[in-house]
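Per-chain numbering from 1; labels A, B, C and D assigned in written order.
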């Protein structure tokens, strides 16, 4: 199968390329970049020198249609919606890594992204690409909206609890999330200037981060009712990794091991979700460069709260890796194909 | 005034020395180290070379009595209790930086530290050294238990809320705290081995960290009733800094600015607590190397929660700086004397 | 082919495992650990959880002989020599990642490692495993001494210059090398304690580092005469990567592009050595997690010096990756098989 | 004395402010910023909140004349020359932290900075502000050109060798320097974007860095003859610190301890230069946040080379601290006044 990457210049673009080059069943034939059109890829991403001999193209939908069977769209939020629509209408399978097709309602998009969606009629076509919930829908989809990095970590932590009524009190949900710097992309900014970012720790977009909308939508669908919770993201002085700590008051006397069993059952078929044994908790380094999401849990007897900790690599399971997992499903390839990277540690 | 430091080898020991060398009103005359007794201080802490000409002594209470007026005890937890008792009984003013005299009840000490307190009769003499609450008691104290780094950050964030009944629902309290690596001290360990610690983020002692006991004790005293909450600390790949994110459901319709006003009033006399204006939140780098604790707050309208964020340098306001602030009070020196370090940024 | 790893607990052990798990032509059947014998591998290296189901064995040469066709020995220097000898004598192909078989003369070993070699009679059997020079010898070898990380970076930078008499004045050779912290291994120590190592830069073993012996031996062989030079290694606050900056006075008027051409020719068949174009210089991040060694060069017209800059990942091309490259040669597999990892950036 | 800072927005500006606020004998009365004129300083540098109540002004020479006795000019290279000329002509004492007045000849400025100097007639008035060489000239100067960070580290390492003819062969001089990221200033750029800079090590401006001109000029003056050498700077993933490793072939049989004695004598009056004992070498962390420059030396018997290692904090002894040291001399204040900061470690 021939694969295209629209917007190869950024971090998700280069991570897609890294993963696809290791994939046995596909071939990257077409990569585009607005600012580097006409230049060799190794000029944009020098670590690819000697590995790949592609030239960045200017994006043209006709060219994409001719050269590829499926495209990943790794453009910034807002820029993606039109390109995706063109590609989709040209009959290509599309996986969009931006947020533009994650929300089902144009009004929600306006609320969380402060702009109008210009192709609202397509929102209903997009499948939310979290394979661990939506495997079957993704298999049949032509347009997949690849989830955000925070939502992937949080939804994987919460999903098993939604299966069974009365496990937790959903009104008590608090998510305290921490991310490495690569999640903010490749464009330099004061906050990510090395001397400002290293040896520093801060919260940002406190309780107003746009990923809340996506999480509440999907959690609401899993629960069958609306869900609102507090979400505070923080910036960690590291490149890769998200670790989310989630707090919920238990509505049951269930013991920790029984809750863990619920998780193990839920994820028994999910190669990339690792439920850790009692007393062990995730570390971002254990998933570095890989497509795993590690889950740990603890029942706090003193307060009756359940504490869930989930860790993933924001560029892999939180972006490009999950996108390739979706691609595998859409193309009828084995779901884990090309994705069984061993985490890089140290 | 002549000052001693018992246990100068560790990070709090050297940080005390750094601060006291800049202090206009005191003179360090006596420093001890078990492992470096007889050696020049600059051999233990090479950054002091050319600055100070002290030799590490073996700790002897008689010598301490002769050479000093006040001593800081910077020994590890468990080792401190006997030394402190001897110094106190020798008539010296003592500030203990370990946890050994922070809990008022020997039973609580056993619960949280899994060992017996050998001098329980002295627990009642120790004043909890958080000057922003206990200023007057500290002025009259001979034995001060210097607070832990996490408790300082959390108690300063919570104290103003305890003044007024009905502001928040205390049963909903969740504290998600993040600390740099220096809080764990100077002894090498696998978790703090550079290749394991950098580019990594993890929780530890999930809901079982010993600082919970100290926080619940002091919060209980401020509230006039027992308080139990969930406390999860995390390790950030940086040297200095603690940032605590605290979540509480509001029991009032009070607006954010009015809550901020409660904080401003509470801390109007507290030079080292900076309440940030609306929209600004603390960063650990803004307090790096200084005795400040920065506080930010946000009322989450969607969920009715109050989010408090507090940041301090764990070795300064979280340890040695606060200890010197206590010393100033005990010796009748201006509280901020020698402590107005500008934070080091970048 | 069945592969064993003796000493799987350390960083080179786990990196070998990571690489071999991605290798299409071999199968790891036997891993040993002194301290973790009997325990599942994922207990030692938690990032392997869910990926591999091996149990650490106690090393026994008979077992190794039965279970494997080739073994990697990743034991510490000094501990390796006996194990290697046993394995070799049992008829196994052996690749030793320690320094124990790199020096050809027992006297040199004594000089640089301050201990006696206990199996000096085997030194003559060992082939120095730098495939870019010794490809044919390695193909026929049963015992390969895998080069050190610094020597690999320096020898690859110097080798092309040794081909042609009179290019440089070898008496002027100075090597200033910089390494990340993982090169020192997994055992915690004060120097690698996170708060001591991060935000710090230092030289160490100034002009007395043991890798000098290995470099001088191999350079001497390439040159056909003895070579002595100044070598100063430094510790960089990062996990992976070595960058060596090498200075030599030119003995010719050759232009920079012509010198580069010498390099391009020398490495025309070497997939893993990338000679960078004029004006570009290596960065460790461009080889992160990969088996590449990047080379840049600059002719300083003002002083007549040649400046060579080489970068590699010390755990891959500087250790485990190069070892697998040697394995491929020894087993008659395509040299690059299982080793074409794209560098991980960012 | 009333002090001004022209260009307070950058890192040297804020570092000057930090140091001057701790200084007992001066008072900062005037700070300017082009982009933040009219705004409170704490909006530009939030870590100063609650500490200082200055407002950024637009630079006007008349205002500077009225409000200050001495000004620091911390503008970017190229922008500084005109402002300095105006201030100097208005009768103020000026310390310029840019490179604009460091070179004595306009032609050299053109060579190294690729632009014309617009006030060449003033170049002769400027004294090169390295107090350890030029103490007396600085005392009488009205215009001081504050040295670059690399030149300070290298010239302090070399100066003692220039005192005595025949100690070294100056033609063999090679300087391999390494700097933290703050030396490049506060403006975000791709190279200093956190995910590009951390876990990365690279050389830059290989043998063409503009500081070479300044070093060769001053070294030439100390030697009484022209000096050209190879200078390669590298970027270390840390915020503060420069470590320079300097290589020179000895022209004498002098023993290491005798050479060290030359250094000790040369710097016997220099509080901020610490010559380390045999076997100890500088680390950047030992000078962090302080005005010290640490020097270590090693005689490599195998090759007859002398290896000099020098470390300083590029923002302090490499910029703002040295500027304040110059200020003290110019104002007749004790040279070390306000500058005896203990290094911050860890």
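Convention: a residue touches a chain if its C-beta (ideal position, glycine included) is under 8 Å from a C-beta of that chain, and two chains touch if they have at least 3 such contacts.
Quantities reported herein were computed from a predicted structural model and do not represent experimental measurements.
**Student:** Does B-C or A-C have more contacting C-beta pairs?
**Tutor:** More contacting C-beta pairs are found at A-C.
**Student:** Taking each chain's centre as the mean of its C-alpha atoms, which one ends up farthest from the centre of chain B?
**Tutor:** Farthest from chain B by mean C-alpha position: C.
**Student:** Please compute the C-alpha centroid of chain B, do the same for chain C, then give the distance between them in whole Å.
**Tutor:** Centre separation, chain B to chain C: 46 Å.
**Student:** Approximately how many whole Å separate the CA-defined centres of chain A and chain B?
**Tutor:** Between these chains, centre-to-centre, one finds 39 Å.
**Student:** Express in whole angstrom the distance between the two chain centres, defined as the mean CA positions of chain A and chain C.
**Tutor:** Using C-alpha averages as centres, the distance is 36 Å.
**Student:** Among the residues of chain D, which ones contact at least 2 other chains?
**Tutor:** Touching at least two other chains: 11, 180, 182, 186, 195, 198-199, 237-240, 283, 285, 288, 346.
**Student:** For a test of understanding, state which residues of chain C touch chain D in their complex under the given definition.
**Tutor:** Those residues of chain C that touch chain D are 172, 174, 176, 178, 180, 195-196, 198-204, 206-207, 228-230, 232, 234, 236-241, 243, 245, 247, 281-285, 288, 296, 298, 300, 302-303, 305, 307, 309, 311, 346.
**Student:** Please give the residue numbers of chain D that touch chain B in the complex, ascending.
**Tutor:** 11, 14, 17-18, 21-22, 45-51, 182, 186, 198-199, 239-240, 271, 274, 276, 280, 283, 285-290, 292, 315, 340-346
**Student:** Once bound in the complex, which stretches of chain A touch chain D?
**Tutor:** Against chain D, chain A makes touches at 11, 180-182, 186-190, 192-195, 197-199, 237-239.
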